[in-house]
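Heads up: the structure comes next, in structure tokens.
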Amino acid sequence: MKKTLQEIAAIVGGRVAGDEAIEIDGLDNIAGAGAGDLTFAVEPHIEEAKTCKAAAVMLPEGIEDFPKTALYVDDPRAAFAKLLEIFTPKLERPAEVSAKAHVGKDVKLGQNVTIMPFAMVDDHAVIGDNVVLYPHTYIGQYAEIGDDSVIYSNATVREHCRVGKRCVVHSSAVIGSDGFGFTTKDGVHTKVPQVGIVVLEDDVEIGAHDGIDRAAMGATVIGKGTKIDNLVHIGHNCKIGANCLIVAQTGISGSTTVGHNVTFGGQVGTVGHINIGANSVYAARSGIIGDMPEGVFCAGFPVQSHTEWLRMQAAMKKLPEMRKKISQLEKKLAKYEG
Amino acid sequence: MKKTLQEIAAIVGGRVAGDEAIEIDGLDNIAGAGAGDLTFAVEPHIEEAKTCKAAAVMLPEGIEDFPKTALYVDDPRAAFAKLLEIFTPKLERPAEVSAKAHVGKDVKLGQNVTIMPFAMVDDHAVIGDNVVLYPHTYIGQYAEIGDDSVIYSNATVREHCRVGKRCVVHSSAVIGSDGFGFTTKDGVHTKVPQVGIVVLEDDVEIGAHDGIDRAAMGATVIGKGTKIDNLVHIGHNCKIGANCLIVAQTGISGSTTVGHNVTFGGQVGTVGHINIGANSVYAARSGIIGDMPEGVFCAGFPVQSHTEWLRMQAAMKKLPEMRKKISQLEKKLAKYEG
Amino acid sequence: MKKTLQEIAAIVGGRVAGDEAIEIDGLDNIAGAGAGDLTFAVEPHIEEAKTCKAAAVMLPEGIEDFPKTALYVDDPRAAFAKLLEIFTPKLERPAEVSAKAHVGKDVKLGQNVTIMPFAMVDDHAVIGDNVVLYPHTYIGQYAEIGDDSVIYSNATVREHCRVGKRCVVHSSAVIGSDGFGFTTKDGVHTKVPQVGIVVLEDDVEIGAHDGIDRAAMGATVIGKGTKIDNLVHIGHNCKIGANCLIVAQTGISGSTTVGHNVTFGGQVGTVGHINIGANSVYAARSGIIGDMPEGVFCAGFPVQSHTEWLRMQAAMKKLPEMRKKISQLEKKLAKYEG
């Protein structure tokens, strides 16, 4: 969508200082705005906006000597929110089961459900009220999706798994793939049946391409309110607590228990069969190789306290210098001994 | 599903000691069992079960003074297996090609094939006996799926690729995406056509979100019996040996050859164009930057023997202390020299 | 496909020295060729080909004393290219919108578009000329796909996102999933609406299972000609420059700006909200934790110059030896002091 600054001024009831004919094709914040964008600024960001790349800046009345084309309005925030709705039209979608979707036998469908074309709900599944299933989602046999949850395109919820209320499962996520369990005899690996399930409690968000493996027996559990970023692996039988944040590309090995309110930065890894205490933060790339207490801030691989990690990193940079000093000391001492 | 302990006792022919009215809604092992679960215990796990969180524990006759509600049976393992089948109903699915699937022209379909709604088998593909294709699988032109293989939802097997017998390809895996090959001139990258294929030999398991790139020319090969966990990247032209285990989030760069029976822990990485010998284990996070012999146990980045890695890690923790000692030595020596 | 060497000789107009009855079922380069394969060799690779595993080698006339079965032709490269076309039949596909696809209302379709079964183009989307949409692709409302782009199976382009001309989006990639943005109060995380989009400029290639998150506001941008390998995460509001190469399993955190012509090796990670200068190379596993200048070659975590990293790695291997030396120095000095 493109609009001239003049057209935009008419929409928000503002006044242009500069070239009214500028064409605006996007909206962004000060740092992100490029050549065709409109941004907005209020104190204390007016100074920063003077050198931004935006085509024009929406400002409150009273800002003088602004060096770029400006659009003066009463309330820049409110005006920007109004423009966002115009530049990003709301999605419209009837709450209905598409004739091009497939709903199996003995499925329970709640009220006001949206099932888009090519979504498939397999036999005996239970779909709660107001659930939205995007195209190419697959909800397996006996699986349950709680009220008000959204499952995006190409995501899978395999048989018997349970998704809570108000959950968001992003595109191509897989809930309930088999855990990685094998017995090995004479070098040949034989699959251990993975007969458990995955339970996502209420208010969980699962990122694009997350894989949450089903338990060998029992359940892999993601606690209420936990939010998981993209490309995260959760092994079978993990029990992740409530309100955790798990940043992209982290991997939690099987049968690991994590307390509530734990943050894992990006690309963290853990071994399996450990307990990680609540209320903790693990910096990006942490490698956790054993049980961890509550309330810690850690980093590194093998993981240590963040303070110790900083000290060790500082010392590592001095390593070549340390080698040199040791060599000098040896020479001096040899001179005395000689 | 919920059943009272009394109902469960009737099913397995057992005797309850404690509250028969307890409602059981899940089954799990001792460590994983939560408030509504039933677990079971036999020696040497009886002691551990005394303090578990399960609502009730199934025990063999003869165990006395058990502090929790117990369900006594002749053979707890057998009874538990029976309950697992009741709590997790078997999936029923006719072996048929759904009228809502799409099968292209000149496709060869074996006996007893299951093709679920919205699966697509493209022209000239070959599907073996007893193959199961879940919804939203895409089998490309001239691709082949061997007998008894299962391809889960949203997985892709691109054109000309070959999947062996008894393989399992998990949801959203991609077999045969283009290798990452470009020529660069004046800073501009031009795609090198990737005209090779992927061959999965028999008994291979491919995890959710694995990407196995097709060869530039020839084949990327995953050897017989090799099992790959989730979110693993195998670059073009790799030749992975038989009976390997590749744990989650590992990446093997292009044209790398791996011998048989090699285990890669999670989040391992390798450079390309190297040979990694057979019968070896690489710990999680190993970073392999050159050819490796057979029969090693390694760790670290750059990779080294596991023993050396442990020694180096121990020394690293002493680094701040070492810096202090060097400084003290320098002062003492300066005193002598002064 | 299988052909005898005699049949192949007839196709390319060559002469066999050795067993004409050998059955060839594949073509590969010298290093990759296995027992049933034909390869080819020209100088300086003739020597290497003498010990390769191929069933036969195609050679130029004039090479004598070759120890393996050979097929002599005028131009081995040209003959091999001809055979590649025969062994790998070209894909045939009419440029048409399948009756089994779903195209929503108010969609603009260009000329010569291919939309395969079970692909879905949602309302108000714009599809350019010669675009190919594989099965199970989902193109969201108001999304745009530029001329000559190919979107492979199970990929998602969410609402309002824009894909440029001549782009390739590989299977199961997700363009425009929500950025990972939450506000936290009393330990409970509340989603920040992600109302921005993703823009892929022209000639971009997106790997299998890449997740490119939509901006919180404004756009996440992948610059013209940038090529991204598999399983890469690009956080919301990132601005990636032109002609970058991003190798597999790398993660770029949100709001990071990357200049043009930057190469990230595999499994690299960056923190968010930083600027990474143009014309640089970051080795595999680099961990970038702050702003970076242009024109550097770096490695390590935290990242440092590649030269310093090599020096530090060398010193680290000497760590146990350094500990011993310090201990010896302390003893000697104690002797003098005593």
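Letters are used for the chains, namely A, B and C, taken in the order the chains are written, and counting of residues starts over at 1 for each.
To be clear about the criterion, a contact is a pair of C-beta atoms (placed from the backbone, for glycine too) under 8 Å apart; a residue touches a chain by one contact, two chains touch by 3 or more.
The structure presented is a predicted model; accordingly, all values stated were derived computationally and were not measured.
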Chain B onto chain C, rotation angle from CA fit, given as a multiple of 5 degrees: 120
Proportion of interface numbers common to chain A and chain B (over half same, under half different): different
Chain A-chain B separation of Cα centroids, rounded to whole Å: 23
Contacts with two or more other chains, residues of chain A listed in rising order: 118, 136, 154, 172, 209, 231, 249, 267, 316, 319, 322, 326, 329, 333, 336
Residue ranges of chain B touching chain A (in the complex, touch as defined): 26-29, 31-33, 37, 84, 88-89, 91-92, 100, 116-118, 134-136, 152-154, 168, 170-172, 205, 207-209, 225, 227, 229-231, 243, 245, 247-249, 260-261, 266-267, 284-285, 313, 316-317, 319-320, 322-323, 326, 329-330, 333, 336-337
Residues of chain C touching chain A in the complex: 102, 118, 120, 123-124, 136, 138, 141-142, 154-156, 158-160, 172, 174, 177-178, 180, 182, 187-189, 191, 195-197, 209, 211, 213, 215, 217-219, 231, 233, 235, 237, 239, 249, 251, 253, 255, 267, 269, 271, 287, 301-302, 304, 311-312, 315-316, 318-319, 322, 325-326, 329, 332-333, 336
